[in-house]
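Here come two complexes built around subunit A, the first alongside subunit B, the second alongside subunit C.
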Partner chain A sequence: MNSDALLRLENVVKKFGRFTALHGVDLEIHEGEFFTIVGPSGSGKSTMIRLLVGMDEVSDGAIWLRDKRIDETPAHERPTCMVFQSLALFPHMSVGQNIEFPLKLRRITPGKRKARALELLDLLRLPRDYYFKRISQCSGGEQQRVALARALAFEPEILFFDEPLSALDYRLRKTLEKELKDLHHRTGKTFVYITHSLEEAMVMSDRIAIMKDGRFEQIAVADEIYSQPVSRFVAEFMGEVNLFEVTSTGGLLSGSGLEVDPDVARTDLPEGEKGLLMVRPEYVRFGDGTDGFEYTISGRLLEEYALGSRIQYEVETAGGRIVTVEKLREDRATSESGSDVTLGFDAANTHLIVEN
Partner chain B sequence: MQKLNRRLGFLSSLPILAVFLVAFFAPLMVVALFSVMPPKVFNLTNTPDFSAYSVFFEQGYYRSLLWSLGMALGSTAILLIVCWPLAYGMAKVFRGFTLVLTVAVVMSLFVSENIRLFGWVLTLMKGGLIEGHIRAWTGIGFDSPLYGIPIIVFGLVYVYLPFMLFPLAQGISMVPDDARQAAADLGATRWQILTQIDIPLAAPGIIVGCLLSFVLAAGAVAEAKILGGQAVITIADDIETAFTFGQDWPLGSALSVILIFIIGSLSLLGVSRVDLDRIMGRKR
Partner chain C sequence: MPASRSTRIVLLVYGLVVIGLLYLPLVSVGFASVSQARYLSFPIKRYSYKWYAEVLESGTVRDLLFTSLSVALIVMILSVVIAFFGALAFARYEWRYRSIFQKLILLPIFFPQTVLGLALLMWFNALGIIPSWKTAVVAHLVWIAPISTLIVAIRAYSFDPALEEAARDLGANTPTILREITLPLLLPGLVSSGLFALLLSWGNFPLSLFTTGADSTLPEWLYAKMVSGYSPLVPTLGIMSVVTSIVLILTAFAVAWLARSIRDSHAA
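Let's turn to the complex of A and B:
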């Protein structure tokens, strides 16, 4: 095919009886990319990965790996490999035997197998004497690394991950996220990762695809998805966000109690059209009405939440709308709960979402 | 109070220990003692000798034992192969239908073994259900498959099927689905998944199933008597005869001790390799 994509999905449909899990999905993943598919449960991301690794069959459409169509190839003949959510390590085998499993299937001699397994232990920063350990003797993080080593031993064209970190505690997850990103750099393999955690996706990925109801809502690099979401769903899925319903009147966006500085850059939204003006909480500032913000809104400070390095404030504005403000701890506001405040932000830090 | 708690386990097992002592251990001891008595005595006050054991070799009783063990081995092997697909289906595929199968198989146990075996005799004998009908319709008759070794093995397979099927299904259900999927994903064919994932992980169920059917089949009498028409004599049959018609309790006891010894060692060997708690689902 005339595409430089490593993996290409063409109008892939998956139906379970009358329920359609995937509605004609197109996707291109490039060689060496760390690509993450994010979505809430039921969005079709698990169905997607089952199709990609060959554990399920597509109802319609095609999956191409380079110029070879693979959607009818059974899992054991596909040159791809997956790290399972449960890790799916073989409990009756030692760490070494687990890692060597794909090599043994290829009838590689025991000597070469062991050498490769030890190399992989080094790569995953596991001590070499783990080779003889039982799986049940390894901690959660170590099992994670063994599962990765086993998948890498297979030398897959693409390595798939099905939420492998979701069962781990927060700290370990953070460590492994970084390790995984590092491993991606060192191996240069193509990683396709599935998760419901946006944070995980943001830390590791080159590109992110947001899934909803069996469709891709947006596919873009992490920054773009964060700052320029295409819909309310993406904006809200990507963390705390303030969305103001606005209407284009006289070349300006107004509504939701926002006061607009008339000198602000004019909108090119046609007169009378509606949209959602998005501003992330870290771009909203407390002011006194004379700081020259392009958008201002007044309200009453409700509550203050400490989020570690940041402080989050909830401000109730006219009509009961809650606006969220985030500040670094060192810039902590002095206002007390219940006091009247004025909030401001600049047009450059906003993004207009126009949903059809 | 703490002292009582510690002894609670022992105290609550006392009733069953008493039953075991009286109903199980005591008769076993009597049998063991009788086995070293001189021939044809009916009390234990004689000078011990081992003549009964030499009779085992001299008078060809070892042949009965070999037949019993051989047929038990054969039927166990056949059961393993026959039950595997069915047990796999029950554990992984059938869902609701598993219950139907379980009830159906258990129901067959409600009918006495002898009656079921006689049912097979009526079905298979010359002029019986099958041959009789075929001869009546086509005029061509054939010999009954009854009264041979294959039909005895068939009988053993038929009677002891539940004892292989259920432990096997239990064992297979312990094989995690994702381990099988991961193996396939890593390039394993169906055969490789069977030999490297399914069988090792279902091993406890396989061992228990094999032990149960082997032990029961090795001590079986009815199949050889009813279906086999005593084409071969099983060791359990010999034991019965020695105690009844033979009126030679020491001989019967010696044969029993030999059988118990062989089966007991096999069972201990098997059980020592299985984590029974795991099968009962008490720990993972």
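Let's turn to the complex of A and C:
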């Protein structure tokens, strides 16, 4: 089997009794990549990671690590390692003993083990005297780092993460997301991360795979997934979005109460075909009807929400559709709730989704 | 809401009275064991330790202690082994007949022990096994192993299954996981279940009565002596039995404390 992928899945199927959790999934992960699998609960992402680390067996298909087939290799013989959602730190061992656990199994001498454990504490910016601490004496963030150190001590070919940050509070999570990305740069390891949080995925990943109902909806770099989703599901999963049902008529996209500038570039969509015109809230502007936007729509301003650095507005159009507009705080709109407004955006900031 | 001063005093007095009522009978047995007279009467005219001396010299007592201790120790070891695997099946693993297993294993605890003893005796007879202290071991196990299993199961329930998976993921095979993770984490439960088993077997009367055959355990002998031919050896031996139990519990606490302080000094 020739492929430059580090990890490759070929038509992987997982069934639990009559329920099919994964429907013939293909995937390639490259060396040194930070790859994130995102999906809502029940999408099959947890099943996926359990198959990848060897805690469950595939029902059909194959998993390749470089040119070695590993789907029948038990977890303890695979050169991969996982950071668990619960971290799974051994409560009866000290921090040092936890980190040294994989080294002890390889019969590495106590002196070398300790030296390596201290190195890892340095790498994760934990004080060296934490070596002797009990797990219960460490804070949530420190435990997180110990779990990482233990996984790195294993020197895995691939490091898997099963939502390790989901139990932490917002600020700590933000800090650790950045640390993790930084750690990825410093170690050059291949990270495969599973999460239900789009934000987490966007901050850290090189590439993102969106999962739904045991299939991949889209696999691409973060920007592409955000700006060019392949389906309504991906578009909505990746944050706030405005979707207008449109039909191709005379080379223009029209419908949903949109007024289209007749000079806008012609669409490739065949005449009469339907699609979803997507525009993210940050590209929608308030106007007075003379701003020359390629698409305009009018409505009534409903509500204003402060989102920290940004302000979000909800506008109800004549057809009863809610359009979301986002602005930076400094560009805050002056209209009052209940007033009539005109919204506009340009074709360059839209993306057409054609679902089969 | 903090309790008022008078409430606290009432509660304290109430607690002391309850504790007094629970332990006073034991004190009277203690007095009986140190009175020189053959039958207890207050006030005690002359104190004496001669009954203790007699107990220590008595061959019968030595046999009784030996039988009781053998039964209790074997029951302890077997129930800890059964409890370890039983608790894993009870609390840790998902399997098809788990809920039936959970109910069946607890059932013997709720049988009246006399009925259980009688049933076992009839069963041994039907199988042609002559009852002796060895059959009593089996009888004790029927009742005590479920209790031990329950004690370990409580510990096993609080055990994150991910710990074993993590160990495997880090390269540990099944025996290593058992040795490095499962056993150490269940150890406190195993120690307390062993202690319970030892004490429950040591003090058990109804099951022993039916199933020891010609052999006799300490509680059986105490009962027999009370029914016919009371001697001050009864309270004396009773007190010694209680003291043995207390010493066992204290030893267990001491071992646990020692283990923890060794672990902490290693960690600190």
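Here is the rule we use: the second predicted complex is superposed on the first by the 356 of 356 C-alpha atoms of A that agree within 3 Å, B and C clash if a C-alpha of one lies under 4 Å from a C-alpha of the other, contacts with A are read in each partner's own complex, and residues count from 1 in each chain.
Here is the rule we use: a residue touches a chain if its C-beta (ideal position, glycine included) is under 8 Å from a C-beta of that chain, and two chains touch if they have at least 3 such contacts.
Remember, it's a predicted structure, so these values are computed and weren't measured experimentally.
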Subunit C versus subunit B on the shared subunit A, clash or fit after superposition: clash
Which of subunit B and subunit C A:R329 touches, first, second, both or neither: neither
First (subunit B), second (subunit C), both or neither touched by A:M55: both
A:K133 touches, of subunit B and subunit C: first, second, both or neither? second
Partner chain in contact with A:F90 - subunit B first, subunit C second, else both or neither: both
Subunit B versus subunit C as contact partner of A:R106, first or second or both or neither: both
Subunit B and subunit C footprints on subunit A, overlapping residues: 53-55, 74-77, 81-82, 84, 86, 88, 90-92, 101-102, 105-106, 150-151, 154
Subunit A-touching residues of subunit C, taken from the complex the two chains share: 160, 162-163, 165-173, 176, 180-181, 184-185, 264, 266-268
Parts of subunit A lying in touch with subunit C, wherever the complex brings them together: 53-55, 74-77, 80-82, 84-86, 88, 90-92, 94, 101-102, 105-106, 132-134, 150-151, 154
For the subunit B and subunit A complex, residues of the former touching the latter: 176, 178-179, 181-189, 192, 196-197, 200-201
Interfacial residue positions of subunit A with respect to subunit B in the complex: 53-55, 74-78, 81-82, 84, 86, 88-92, 101-102, 105-106, 150-151, 154
